[in-house]
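So that you can tell them apart, the chains are marked A, B and C in the order they are listed, and the count of residues begins at 1 in each.
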């Protein structure tokens, strides 16, 4: 049993060191990014003030995809090399990724109201994001559907890999479907050229979202390791 | 002569170490009886031997070759009898048994083999009865007939005597003796007494193996 | 190959002996489609417009409902363990079971579909394409669904969970299946959609049995 937890113990030591750094970088970067984005950057000539939603929306959408990729990689590592930490990381990432996805959808709807006149349009990006949210929710549901937690971990690891293969296919299908039903009339949120005054806050926010993710991930992994230890103690009580 | 052996096996179930550092070795014609209290890992060890479970560490080998390397080949050389009898309620008894036999000998003469095996356990007269009419003991006999219907050198029997009457247990003992005379191996976990010739006992309380002559395992 | 046939034969046998179970799937399919005119009104033009989509969505749901049982009974009575321990590769066994599932549920759905298309006033030009698209699409549904069916083995509330897992993965098949029919009715070619549906099938054919076998292995461990 010990060899399995040798690594998490070392991980816990490193995590305690790194975590405050992540917390402070998140606060500073997000503070600077929000200041630049919401107050000091210019409004868009076409979209007006509502362009500022982009500074939250775009990083959230990036993180939504980044988290799913991260989950797939961790799940793969967990399945192949049976690394307990990888399984925990995948499980800990899922709710964070789902929240990012929801945030991207929510801000997308907020942005859509002034731009399109409705809260929701079946735009290709939004639709793909919605499907991604369902994939996250399916993963979370499966991971918690078993009385034996290790069963949930293995089953959901296979699911996330299957989902990962499917994400590009779903994206492609939705794009096709969208062009069939809606001629490209919507304004793209991130145009090809973006002014430096807008790029800087966007990049700052993207990095801030990343450090925020790492910060929360570390907290969640630590909590999960502690929960595992408690479960083992309970089992010892029962089985001696 | 085939040898089936395990070295330094560790089994972890649901984050609990069931057993660790377990060794055993079984030669053609040999029998290994697993004893130990509830939860000591008898069933886990049998599942580990079958390949249903992967050991957390340690190796299982057949004639020196690791069984995990080729799970299909290992599956082909063993019969496993677990807690469930795998009898389909809508198939007749002979259909049930001959299906399993057909997976192993390519469907040829599976029906005849199934009937002969059912006769050996005294339920030849039930051949055409659908599985849903069987009692627990009859289902167990159908399950045991399955392992007779297609030959395999290694039998892994987890509490095979559950729900069996004295007479059928005797039939099972005779079947096992014949299997061993033909060079077959048996691993059994059991609570009730079974008459076997010279066999090894693996005690899961301390992982020791001792050789026993003609006496009763309990 | 003979192992494949043995399992296929057994599963077909089981399905035929339990005839009502498969009929229920088709009945669900019919009923789900018949609900739509009550929901959106009996206006023939509206029904004709949504016919292909409604039939496809109902087929999706029907196929999903029946998938829950794909491994469940074998899992509960111990057969799945014994199948895993047979000398036949688990991937082949899984593929045989999926084939049997498609023959007993996918095929009846395809037979029932034109009848429902008539009820929904679908343009008759679309009928052959509807059948063709279903023939190419429903095997993919069975294949993808098998992965979900393997993963939910032994979980609490398997049925709802299965829907949550596999319905998002069905979306591509749905999009191209409906689009193939709509294109023909609109007077366009639908070769591209058919090719993509075939590509999905060709991709799912090797990958899904493999993933489902991995799911089964972890379930019985």
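What we mean here is this: a residue touches a chain if its C-beta (ideal position, glycine included) is under 8 Å from a C-beta of that chain, and two chains touch if they have at least 3 such contacts.
Just so it is clear, the model here is predicted, and its values are computed rather than measured.
Counted as hops between touching chains, the shortest connection from chain A to chain B is 1. Among the chains present, the centre nearest to the common Cα mean is that of C. Summarising the inter-chain layout, the chain whose CA centre lies farthest from the centre of chain B is A. Centre-to-centre separation of chain A and chain B, using mean CA positions: 48 Å. If each chain is reduced to the centroid of its CA atoms, chain B and chain C end up 38 Å from each other.
With centres defined as mean CA coordinates, chain C is found 31 Å away from chain A. By the touch criterion given at the top, residues 147-148, 151-152, 154-157, 161, 164-165, 167-169, 171-172, 175-176, 179, 200, 207, 211, 214-215, 218-219 of chain C touch chain A in their complex. Those residues of chain B that touch chain A in the complex are listed here as 12, 14-17, 39. Across the complex, chain B is touched by residues 2-3, 5-7, 10, 13-14, 17-18, 76-79, 81-89, 220-221 of chain C. In the complex of the two chains, the chain A residues touching chain B come out as 1, 148, 150, 228, 231-232, 235, 239. Chain A meets chain C in the complex at residues 131, 134-135, 137-138, 141-142, 145-147, 151-152, 154-156, 158-159, 161-163, 165-166, 169-170, 172-174, 176-177, 180.
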